[in-house]
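There are two complexes below, and they share subunit A, which is joined by subunit B in the first and by subunit C in the second.
Moving on to the complex of A and B:
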């Protein structure tokens, strides 16, 4: 392939900030993998670090690092594309830079608390300063407030920039409404609820309505921009597809929330509503596959950035398989009654988060790092990114396959046959079909970590004496 | 609420389709305008229905309102029985037997369960266990932990307790001393008061009507 080079394009301040966002994201990705590996090893050897960092500590860091880095990565993506879309510098960029520092400091303090304090006495002050103790939302209340402030500043940047540019596009409209919803939903998780049913009812407003509604739409926006950038697809086409996807995501995903209200004490009508609407949730994901594959084909894969193009296509398929297929697998109440609360959910969680969000952020990172150094090579390409991608994907597929088997064993042995007691639980995890998956999960974790190291090396060496 | 889920589903879909069609008269089916309208209408309709259903749900899950037990359930015996009409197991609240040899007033009971809930969150139990099936998958589901037959058959003799609440409390205060399987629950430094409150919280949770989850709890396990 003939390598064309071009000079360093001038970057907006907001795009420089975006790169700092991506650096935080990639660093936390590494932390996530590390703590995931420790958690996986503790399932093999339950006495490992039992007194120093018990399972819940590592798992908390694993899932919290994930939520933060994916959100940071997507916000970075918006900071990257926003000035291009509006044709001007982002308004309030200084404030945004200060908030970046606050974000980094806040994350550092939080990791310190999680690692070294771990938990506190059974008092309200613990929930405010140390540990809130709800999966994904473990962060104490002060962090919740900090997150709301962060999202508010970000929202201000977006809205003020759009207003100042006097230009509103379909993509920007979707983005603004989505970010308002995303921020507002987070506050649903910021209340102490004595009634456990109400606690989980609101907890899912954050967890489900984030990943299956507002995040999915945010990804749609970032995909739309990426397709226009990578392939030069027309705005009219991209926007129409975006609208179709949003209509389907919100049309199915909002009431699809009901698939988490089958067994938590909420009324029986959720069995039908949740089952029906959530089983249609794969529809927009199919639409996204069709959309990106069609566009890529129509432009004969001619792109300026090969790794970004790869992750874009991987995102479309990964989102469909991880969220659509693995989610559908357990979403009907007649199945979920037995699979609920087993590692089948973890299988789906890994595949879906990776396919939908990790792939998106990696796509954005490659776009933003393309012009890291002069001269810029077009199209961006290397051998290393292929190895990194292959190992990351092999890793997540292996981990998810292992979780699928252990979840299947739990569903069968612990729930259906055993009746879900303590003894049935032990019968489940000591069953060879479950026990044998533990080593595989751990092994593929190392595969993934290797892929991660290659990814970092590849990103760090972009533009350094590269011959394609 | 007097509507079935099928009626709500059909209404949601028709409302979205008809309002979109009316708003987009004349626009082609693949046009930018039609799909922008579809997006706006579906968002508004679905959000509206969700808010309306949430209102109904919130009112039906108040403690003591039927599906969720009152706090004073901790004074009572609790069991599961087959409901021939709903065709799954439902919790039944039996006679008043007291909790740790005491009858709690409604205020005392609420305060105790509250302490238990806060302790549960402060120790991050949910990152090892599931409750109502949600959380982590390292340790047993706690939805019906209070009703688990092992407390009587294994733990009471092991820790030398006379009652189930006493057995749970002693076990929770030092789980590594009495491991039951390969996976061990760490000692989380629970005080006497915190452990009592946790047992109350677990007992209260076991009486939530969960539409039969987990299915046939405790009906088939080796004891």
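Moving on to the complex of A and C:
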């Protein structure tokens, strides 16, 4: 392919905004890896940076950066596809841009607060301005409000654009109602409760219903658009699968929430409800695998964008293995009684978030970056993306394997054999099966970081030096 | 309704367009015989009269069999307006379903308020049943004993016994026989560092930052700390002297 014209392609304003979403998402991905790597090293040497940024600070940053960058990446994907879907510019795009830059500034301030303030006295001012202290949702209340405003503006963009385009599709209907749940459920994490059980009860609405229901449906929407773009799959086919997946995700995921209510002081019936519905939760993930692999096979894997196609298939399998299999391993109450709160949960978290959401966002990023510079390279391909993908996947598999092994040791030695005593806790933590995995985690963290660097180089070079 | 005014078709990355269409019908007809056998791709640019501009990527495959030239489009982009087979989404919009203002506009807002409202209700009223349950349990206790339940009195240690304090608070890490555990928890039996009783007093009262050793000054009295230190200094073959409660008091900050 010879270079014809250089310069900028004509993009919708919404797609230009999406580009910023993706750039910030990829930058935060790097921050997440960095803080994760420091946290992994602090497991080996707890004195490292102890007085500057202890483990808990790094873990907070690691987890919060992940939540933000994945959500930003997926919202960016919607801003990318929405004008194509409706055939017009997104309504209220100026407002969306203002809110976006306010949000970026807010995230920067928040990182500064996490790093340099870290904690405050037990007063309401701390809750509002420094940190709420709830695991994974540490963000202070002003950030919570900013996030709800952000999602509300986003929802307004989508609804107004659909109404203005005078055209509705099945995918858009699913998107609108999913965004309603996405915005509304986040408000549940903003309430301060004296009763710890009540606090956890609402906290899981955000942590579980967000991630295991509304995010999965959002991924389904983005996968539908991506399959149509990458393979030219017919709209009727992707919409049929999307409806099946939505029915399964909400059908199993809402009451599957029960697997978080086993041991927090909620009534006993949650054991049965949670055990039953959460063991059905892998079903929609199987549907996604069948869907994407079937479509890819039917279209002979030929595509306009090879890295995006790879991440699409990786998403299907990663979501099923990480979220489905690793989740099912510990979701039955009989097993969870011994395994909850061990590093098995961390193994599941790492593999599931990578498989389900990191792969999705990387897929969207590659689709967008293919179209950012003229001439558009078709099919998009390079040697570097393969190395980046291989190292990222090798890294996450290694990290998850190390977590699985140490979680198994905790479950067996600390919980099942030792009966959860302090001495058994020490025995578990000093056991070689646990202690040796700390080094492996750290090593595979470096592998992932290497993959990330290659990914950034590859993305930066798309449409520039390559001549395919 | 925006109308297409110009369509350009580029094949396999060629610099010059293969076809340029400036009037109806905007349909790209390609002759398979004009292409090599194998996979090809198309870049189609579309300009509308309202200034909109789009680019679409297609791939298609050509096969030559028995002098018959077969081409089929195997990949078409999302809602491509121009194609061998597809028609413009802008034009198709007339036949597509329009959104219903209530279902796609008002209902989402109502649902948003409903879910957020339920979360708020739970936040402010959700602990009421739990509070009621506690009250019921207290009533039952009263019914069985004939009087309101007495809160358990915290038990005070009758006498200060260094060995008991050690087994309760220290043995889980340092071992029942002072043997320690792994590299993390140092052994106390036969540890020559214990000869420095000032250091021992400081570590027990104030803890050792950056390690698992907690500060006991807030939890144990001077007498208890002195007793447990004396137990450690004189047990398991240790003979490192003794300390007094007054020594302990000196190290409290």
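Assorted remarks:
Heads up, the rule we're going with is that the second predicted complex is superposed on the first by the 457 of 468 C-alpha atoms of A that agree within 3 Å, B and C clash if a C-alpha of one lies under 4 Å from a C-alpha of the other, contacts with A are read in each partner's own complex, and residues count from 1 in each chain.
Throughout what follows, a contact is a pair of C-beta atoms (placed from the backbone, for glycine too) under 8 Å apart; a residue touches a chain by one contact, two chains touch by 3 or more.
Values in this document were obtained by computation on a predicted structure and should not be read as measured data.
On the superposed subunit A, the positions of subunit B and subunit C overlap enough to count as a clash. By the touch criterion stated above, A:321 is placed in contact with neither subunit B nor subunit C.
After superposition on the shared chain, subunit A has more residues touched by B, the comparison being subunit B against subunit C. Judged by the touch definition given at the top, the superposed model places A:183 against subunit C, while subunit B stays out of reach.
By the touch criterion stated above, A:60 is placed in contact with subunit B alone, subunit C being left untouched.
In the superposed model, A:168 lies in contact with subunit C only, and not with subunit B.
When the two complexes are overlaid on their common chain A, residue A:159 makes contact with subunit C while staying clear of subunit B. After overlaying the two complexes on the shared chain, residue contacts for A:191 are found with subunit C alone; subunit B is out of touch. When both complexes are overlaid on chain A, the residue A:371 reaches subunit C alone and has no touch with subunit B.
Of the two partner chains, both subunit B and subunit C are touched by A:201. Legend: residue contacts after superposition of the two complexes on their common chain; A:231 is shown touching subunit C, with no touch to subunit B. When both complexes are aligned on chain A, the segment of subunit C among 3-11, 21-29 or 129-137 whose C-alpha atoms clash with subunit B is 129-137. Within subunit A, the residues touched by subunit B in the first complex and by subunit C in the second are 46-47, 50, 177, 194-195, 197-198, 201, 421-423, 426, 430.
Contact residues on subunit B toward subunit A in their complex (touch as defined above): 1, 4-6, 8-9, 12, 16, 30-32, 35-36, 38-39, 42-43, 46-47, 49-50, 53-54, 56-58, 60-63, 67-68, 110, 113-128, 130-141, 143-145, 148-150, 176, 180-184, 186, 188, 191, 194, 197, 205, 208-223.
On the side of subunit A, the complex with subunit C involves touching residues 1-2, 4, 9-10, 46-47, 50, 81, 84-85, 87, 152, 155, 159, 162-163, 165-169, 172-173, 176-177, 179-181, 183-185, 187-188, 191, 193-195, 197-198, 201-202, 205, 225, 228-232, 299-300, 302-304, 371, 375-376, 378-379, 421-423, 426, 430.
Of all residues in subunit C, those touching subunit A in their complex are 10, 12-13, 15, 39, 41, 43, 53-55, 57-59, 61, 73-79, 89-90, 93, 96-101, 104-105, 108-109, 111-116, 119-120, 122-124, 126-127, 130, 172-173, 181-182, 184-185, 210. Interface of subunit A with subunit B (complex): residues 42-43, 46-47, 50-51, 54-57, 59-60, 118-124, 126-127, 130-135, 138, 170, 174, 177, 192, 194-201, 203, 236, 239-240, 243-244, 246-248, 250-251, 254-255, 257, 260-273, 276-277, 337-338, 340-343, 345-346, 410, 415-427, 429-430.
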